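See the structures that follow.
Look at the two complexes coming up: chain A is in both, with chain B in one and chain C in the other.
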Partner chain A sequence: MQNNHRLDTMLNAPCGSVDHRLHRRLFLQGSLAGAASVASFQSLFSVPAFADSARAQGKRCILLWLCGAPSQFETWDPKPSRPTGGPFASIPTSIPGVHISELMPKTASIMDKLTVVRSMSTEPSEHFQAIDMLTRGEPPRPPFTRPLMGSVLAKQLGQLDSPVPQFVLLDPCPEGNEFKAFKAANWAGWLGAEYGPVRFGGKYKLENVNLPNDLSATDHSDREALRSFLSKKFANDHKAASVQSYNSVFERVRGLMQAAPLFDLNALPQADRDRYGPGTFGMHALLARHLVENGSTFVMVANGMPWDCHVLNHETHQMLVPETDRIVFHLINDLADRRMLDDTLVLIMGEFGRTPWLNEARGRDHYPKAWSMAMAGCGLKPGVVYGSTDENGVEVSDRPLDQRRLFATIYRALGLDPHVTYDLPDFPTFNRVEKDAAPVAELLA
Partner chain B sequence: MLQPFVISCVIFAALCFTLQAQEAAQPIPSQPTSTVSVDPWQSIPLGLDPTSVIDLALEDGWRTNQIAPVAPADDPTFLRRIYLDLIGRIPRSDEANAFLARTDSMKRVALIDSLLESDEHSDHFAEVLDAILIGRTDIDQLRRRTNAGWIAYLKRAIHDNRPWNEVAQEILLARSSSTQDRGANWYLYARNNKPQDIAEAVSKDFFGVRIDCAQCHDHPLASEIEQRHYWGLVAFFNRSKNVDTPQGPGLSEAAIGGFSEFSNLEGQSLPNELVYLGNRRVEETRPSKETKEEERDDLYIASSEPASRVPKFSRRERFVEDVLKDHPLLSKGTVNRLWAWMLGRGLVHPVDALDSYHTPSHPGLLDWLSRDFAKSGYNMRRLLRSLALTRAYQLVSTEEKFTDPQWFSSSIAKPLTAETLQRSMLVAMAPENPENWNKLEHRTSFAKLFPDVLAEESISNVSQGLLLTNGPSINELVSVKHSGFLKALRSLHTVENDTSAVDSTLVTQLFAGILGRKPDAQELEHCLAYMSRRVERRDQAIEGIAWSIITSAEFRFNH
Partner chain C sequence: MPIALEKLDRIAFPMGVMDLSVHSDGLMAYAACMDGIYQCALPVDPKATDKPIPTRIGQHTSYVSGIALMESNSSLVSTSYDGTLQIRDLSTRLASENDKDEAIAPENAPVNATEAASPKIVELPPRFSQRVHNFWSWGMALSPDERYIASVSGQYLAGAEDYSPLKASEPNVKVFDATSGKLIHAFEMLPSVQCVAFDPKSQFVAAGNLMGDLAVWEIASGQKLAEWRTPDFTSWGIIKSHCYIGGIYAVAFSPDSESLYAAGMGEMKDPMAGNGKQKWQRFRWRKTPVEKHQEIIADQSGEGLMETLAWTPSGEHFVMAGRLRGGNWNAAVFSTESGQLLGQAKTGMRITTARFSPDGHVLYLAGMQGQPAPKKDSFPSFGYLERYQVKAT
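Here is the complex of A and B:
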């Protein structure tokens, strides 16, 4: 259709320039006078420009999800020349006295912008249970499903009526062993599927984003209003998440028709793609930046489950860590350059760490007892390294941190009350973070 | 009618007695727990009517948990539900009228029986089994296995109601050479010579147990699943190799090789012996590491064809005979899956988690049903019929407040599978050229977006919403131009002249044709308002309303 073609042309142009944004905003407001075809789109595209609402709204979060669990020894907590330390050296960073793995030279140079925890200590030692807990904050309690942190943030910090999806999962790989099973689960839990992620990447594409032939924009939105009305009673009578989620996806259709061009990787500036790439993980990290710039609240970037190094740990980390180093470096710098780092929290973590010792296959196995994660930006004290492990990295030797206090710290950094009680009729009492776990003051700005 | 009544009295007495005994047998906390407690379910005889046993066991759960079950479903609700579950589509209006006109007390039983015996039932269940056993694939893969006879094999197995253990054995022996049965070979053949893929699939599909994580270590949460079971199951299939014969795909098997070791987390190397869950073990002489085994003709059955010759000691055959044949998990896994199919979730949830970490909601009942199923000769049709006749199956699906679904105190709304949703849309819209919408291409592309079959929790995603809203195919289907149903409704106004009466009739018929019920006053009002704004564009008005109904949650779910 001519209309859609025009829309694509307008929105697929490289983003970033003020000039372009102005044009897009004008278009979205329906102010591009003269084109009759555009006028019929007014009911569809009458929301304010994405970037404006993003600026107004403030806080957001990017999670670089290192699924499978990276080794703390080859990243944030090196133990050079110790029997557990592996073959890689450590290098100094921009924080005097703090060393990290030599596989991360770029990140070392911006260590003063990061906040690193070296004393994570958690319980679950299997992927599914650990992924579940480190993304929701609590172990399961069936039949109740706690929402993911991303869903909580989408609800608390996001704008439900925004056309830009508030929670986006970028993951090119439909597989990923236990991560695959997790991805099939109920992400938004008791908050309702409207706070679940829009998935993109790999086989997840945004298709069917154009108006059907011979259907006016008015009919398109009126028949949806009728559909929504006809579905309401059924949804009231059926409490299951499956039913609720079905109705909620239709509420997002119109927004996605508008926001679809934001997901066009080819429209991102070539210079940026060169810096972040090659590889999908880098492209998706760049896309995450682009999405939060344009109004998304929570973007989770994953790449299947590549970090589960039961075999040839060192060789695998030699491949994976430099890529992550490059991506972290550019992402943090870009956010800082755009003056967005103060409002954007970046989390870099997996579901646990890896054993100090090697197995027969020269791999490191699962190790939740003492591991590391890193953060940067919004609400955090930069240049802090919190906690430590003993000389061989076997035990946490100083200030252990569990997932509850980590979550409390993250929520507080984003300006949210960690202990607020959910309003859930017919449910037991649930709090955003249980057991009154306290945020860590030393980590907060 | 005396006989069933007497039977239920007997069961009721037996169950009351045993359930009370069960309560009494629970040890008082202060007592030492070494007291031997006898499972009262063991004393309920097998071969009783499973429906009555299920009803009493579920009712006991409601009492114990102080839950009130919801009301029974009326005839139209039951009708739609049973059509969708058993033959994978909504009823046509003539079928609905015939059923609703009947007044006899046996009408539901009669309907269940006739559906179970229909060809549509075997077509539908073959599709479901294909989605479970093979998964969602692209169209080329679907064509290949259709040509290989796999779909036809499943259809015939359902049509003839073959004992499920026999079918399972045939599929896993994969040595069928007759034109009629060679499709059975596809299940193993589809795994492309990857014995680990075979092991993970076989365990999940036929025993209801996911063993994937035992590849690297004993299951951390279900201690009965050990790493040696994973590698044992692999070993049963690691001498097999895909062969393409003029008759179609097959699997050869070597008489030697397949001995290897796996290492556990402690770094020990252990032999991959032929062993699987439930302490099922097949003895086999293991050559010493120094021995080099040699292929010899006398290791194989003399008469067999060279390409698919059969070893005298066949690991696959031993697996089928000594492990699979009467394994308790084979019946338990099947019972749990068919229960989930009919009642919306398994007694063990999710359906492929029959391990000690996932406790059943009604352990005694599941165990009894599994033993009864085995005793019945793995009779799937009998079990489906029994489930369809239970009180729980015939409850309404609406509930005022959330109750834990594991008690089955209301009917659980089930999302239609891709095929069922698509076929039901075709039934409702009655396109003038149905073949244009019912090609393999449509089914695979639809199934790609709606892949779930018995998912742990089926959460919709935006891609589905975008397809149902903007997808060209659905918008064409729900159009006056293509839909015979809508075209007929459009011509209503030529009969009468009172526009508002015509419009009311039209909306009422849209609801009846798509949802099998009348609109309520508010629904009618909203739809008429929608039409009144499109007086000059009557076709678009009809299409808009039809689209709103066919994409409503009520249509999307079996409830």
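Here is the complex of A and C:
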């Protein structure tokens, strides 16, 4: 179920108008109480029907969010034998001459399907600011809140009338320090709450989506017709813009009721769960594949922020990287096998990289100056390794890339104009990507 | 009786020191470093103005994690994160410095951290080199009678939804003949097995792992005599992530072999801060079930991962040392009998290894500070060996 914070954000819009406060009570009495008692439509909507619709839908995106920031040395940009290289060796990949960490043997075999950037260079060095910027594309400019990439894609590529949530965040960890703070923030920004994520995982479950036994589908349908009629009448009488927002949320609740079976991990084939699992990150990556197959536009998969290895970096990466390796391998191959990779963009990244030098606690600290990320699929040129760092990984030595150009490239790959101006009355001029940052032609198909 | 630890000197190594072995005459030290195996002559007078320059005598293809000097046959054993075991014959003439350019380092061997400083490199090829693990050798021990070598391994991979470890794909506690390198025993334990020790009589070998599992085997029979779990060293990262971190980083038998000590750090509030309590626990491993007999006294403990345990030759005291995250010490002397803290030192570096001289008067502490950023294209040294005078006050 949509989290209450997001509802609160929507209901307590920054304008603070009497209109919003007036309708909060009505809304809560209406839609939320209704949501708690509405019917299960599971028998009316089958998963194959969603899938057919999704295939016609077009482009979508899965973000494997490696929160906390993985080490580029133990993943995409190894420096074996260098003082900064750490204990792991590098291995050749399916791209001649390109090596990655020995912890990623499966991914090495499909490097020709990936697009890797080894020259990311950004500024924020603290988690909250970096997570915020690398998911929105810009540093903050209060009091305006730029929407997350997921919200932008949900609006531009999604089908709002689809019962399947267009933007889903899968993350089992209730805590996560800075990531927790970020998760409590306003994700959809000026696009409006309806473009925020549906959260699932851990304590976030799809609850109250089953019809009570004593309520028939017909009765439920009748109640919905009455609610819809009253809402329209209320809107006409009061000319309240807020009603539209409330109705959008109500529709999402109804959609979730219908889409609930899609979130049932236990219903996914055991063979798939064995390949992606057993960890939660893998299970949620599998669920992400399942959701985009069935109509979601943007699915962000996170697992708390385990990559923040200030302590025992190599001892933790020895587990995290092989898990990611397996997930990336199966996800990319599965999408390719389903002929979905051409329309599905997969992003594999965190908010920055980690220091070339080790601290006293066997850890690597935050390093936004020179780091790596990887992508695959939709609109990208496969088998490309873009940019490079020097022999010790201290500086970007070739074609540095900041978040604006990365976002411009991502939007272009998904068929969106990166420079379009938002239509925001009484706001300053905002563009989807600022400063006319150009997409990277070498990365685009 | 209080014990004072008075620092005598500090010797720098290009990269971090992960293990240390010192000749019983106190004149030569051998260090397992991130970038290779080093030999260093120790000055008789710690106040000598000329600091010794360690000589690199060999390399593995990754960090060297364990080192042990066999004085009986003048051999040097080393293990590495590359999973190999090497044995060098120290009686062989070291290649002269003139051979430096021709010294052949293993492929992918770490480049020395201070290339600009160009420390001495005198290659001493191993007489025995074999891959003994598929993953790191986390630690290595030489039995006191110098007959056996034990090496422990195991990669932590997710084995369940809660990220508890996957069962090992190969035996990961291995005992070898110290002279020939021949495998004698191969035991299994849940990964990752992070530390190993022999008892003073060379009859038993013990190991500890990420999950707080401990086990003791009899060397003669290969029989497992005890196994148990202590939950006090392992964190499941509720704050930031759902995976396991920490575990036991040092084990050591008591002088009478009847107790096994484990060291590490307690549960962390934030797994990425390393802020668990400095911790040792003592177990009567022959009891059924195994009994926790003693542990560090709560108000004598600061924060930080403890990585090494060592006994004074008399057996009256032991040292636990590691990293200081918070508190007053990162090396402390405890009474074997009471467990009371008797003396302490705050060294300003993470300590990986503590060793006593045969007379118990000198404590050797080796380890590293954080690796500095490069200056003028070279990395300053960050590995250290410090000597301390041990005094009863």
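In the analysis below, the second predicted complex is superposed on the first by the 360 of 445 C-alpha atoms of A that agree within 3 Å, B and C clash if a C-alpha of one lies under 4 Å from a C-alpha of the other, contacts with A are read in each partner's own complex, and residues count from 1 in each chain.
In this text, a contact is a pair of C-beta atoms (placed from the backbone, for glycine too) under 8 Å apart; a residue touches a chain by one contact, two chains touch by 3 or more.
For clarity, every value in this text was computed on a predicted model and none was experimentally measured.
Asks: For the overlaid complexes, name the partner, chain B or chain C, with more touching residues on chain A.
Replies: Looking at chain A, the partner in contact with more of its residues is B.
Asks: Under the stated touch criterion, which partner chain does A:E138 make contact with: chain B (first), chain C (second), both, or neither?
Replies: neither
Asks: For A:E102 in the superposed arrangement: first (chain B), second (chain C), both or neither?
Replies: Neither partner.
Asks: Once chain A of both complexes is superposed, is A:D264 in touch with chain B (first), chain C (second), both, or neither?
Replies: In the superposition, A:D264 touches no partner, neither chain B nor chain C.
Asks: Considering only the touch criterion stated at the top, classify A:D342 as touching first (chain B), second (chain C), both, or neither.
Replies: neither
Asks: Output check: A:T280 vs chain B and chain C. Expected answer is one of first, second, both, neither. What do you get?
Replies: second
Asks: I'd like to know which partner A:E360 touches here: chain B for first, chain C for second, both or neither.
Replies: Both partners, chain B and chain C.
Asks: Which of the two partners, first being chain B and second being chain C, lies in contact with A:D402: first, second, both, or neither?
Replies: Neither partner.
Asks: Under the stated touch criterion, which partner chain does A:E323 make contact with: chain B (first), chain C (second), both, or neither?
Replies: second
Asks: Tell me which partner A:N177 touches in the superposition: chain B (first), chain C (second), both or neither.
Replies: Both partners.
Asks: Of all the chain A residues, which ones make contact with chain B and with chain C?
Replies: Touching chain B in the first complex and chain C in the second, residues 177, 310, 359-361 of chain A appear in both lists.
Asks: Could you list, by residue number, the parts of chain A that touch chain B in their complex?
Replies: On the chain A side, the touching residues are 125-126, 129, 143, 145, 165, 177-178, 184-187, 193, 196, 198-199, 204-213, 215, 219-220, 222-224, 226-227, 229-231, 234-235, 237-243, 245-250, 252-253, 256-257, 310, 359-361, 365, 425-427.
Asks: Where on chain A does chain C make contact in their complex?
Replies: The contact residues of chain A facing chain C are 68, 80-85, 87-89, 172-173, 175-177, 179, 277-280, 282-283, 303-306, 308-312, 315-316, 318-320, 322-323, 356-363, 392, 394.
Asks: So in the complex, which bits of chain B are touching chain A?
Replies: Touch residues, chain B against chain A: 212-213, 216, 220-221, 263, 265, 267, 397-399, 401-402, 404-406, 412-413, 415, 455-472, 475, 523, 526-527, 530, 533, 540, 544-545, 547-549, 551-554, 556-557, 559.
Asks: Name, in rising order, each residue of chain C that touches chain A in their complex.
Replies: For this pair, the touching residues of chain C are 15-16, 34-35, 61-63, 81-82, 108-113, 135-136, 155-161, 163, 192, 237-243, 245-246, 270-274, 305, 323, 325, 349-350, 368-374, 379.
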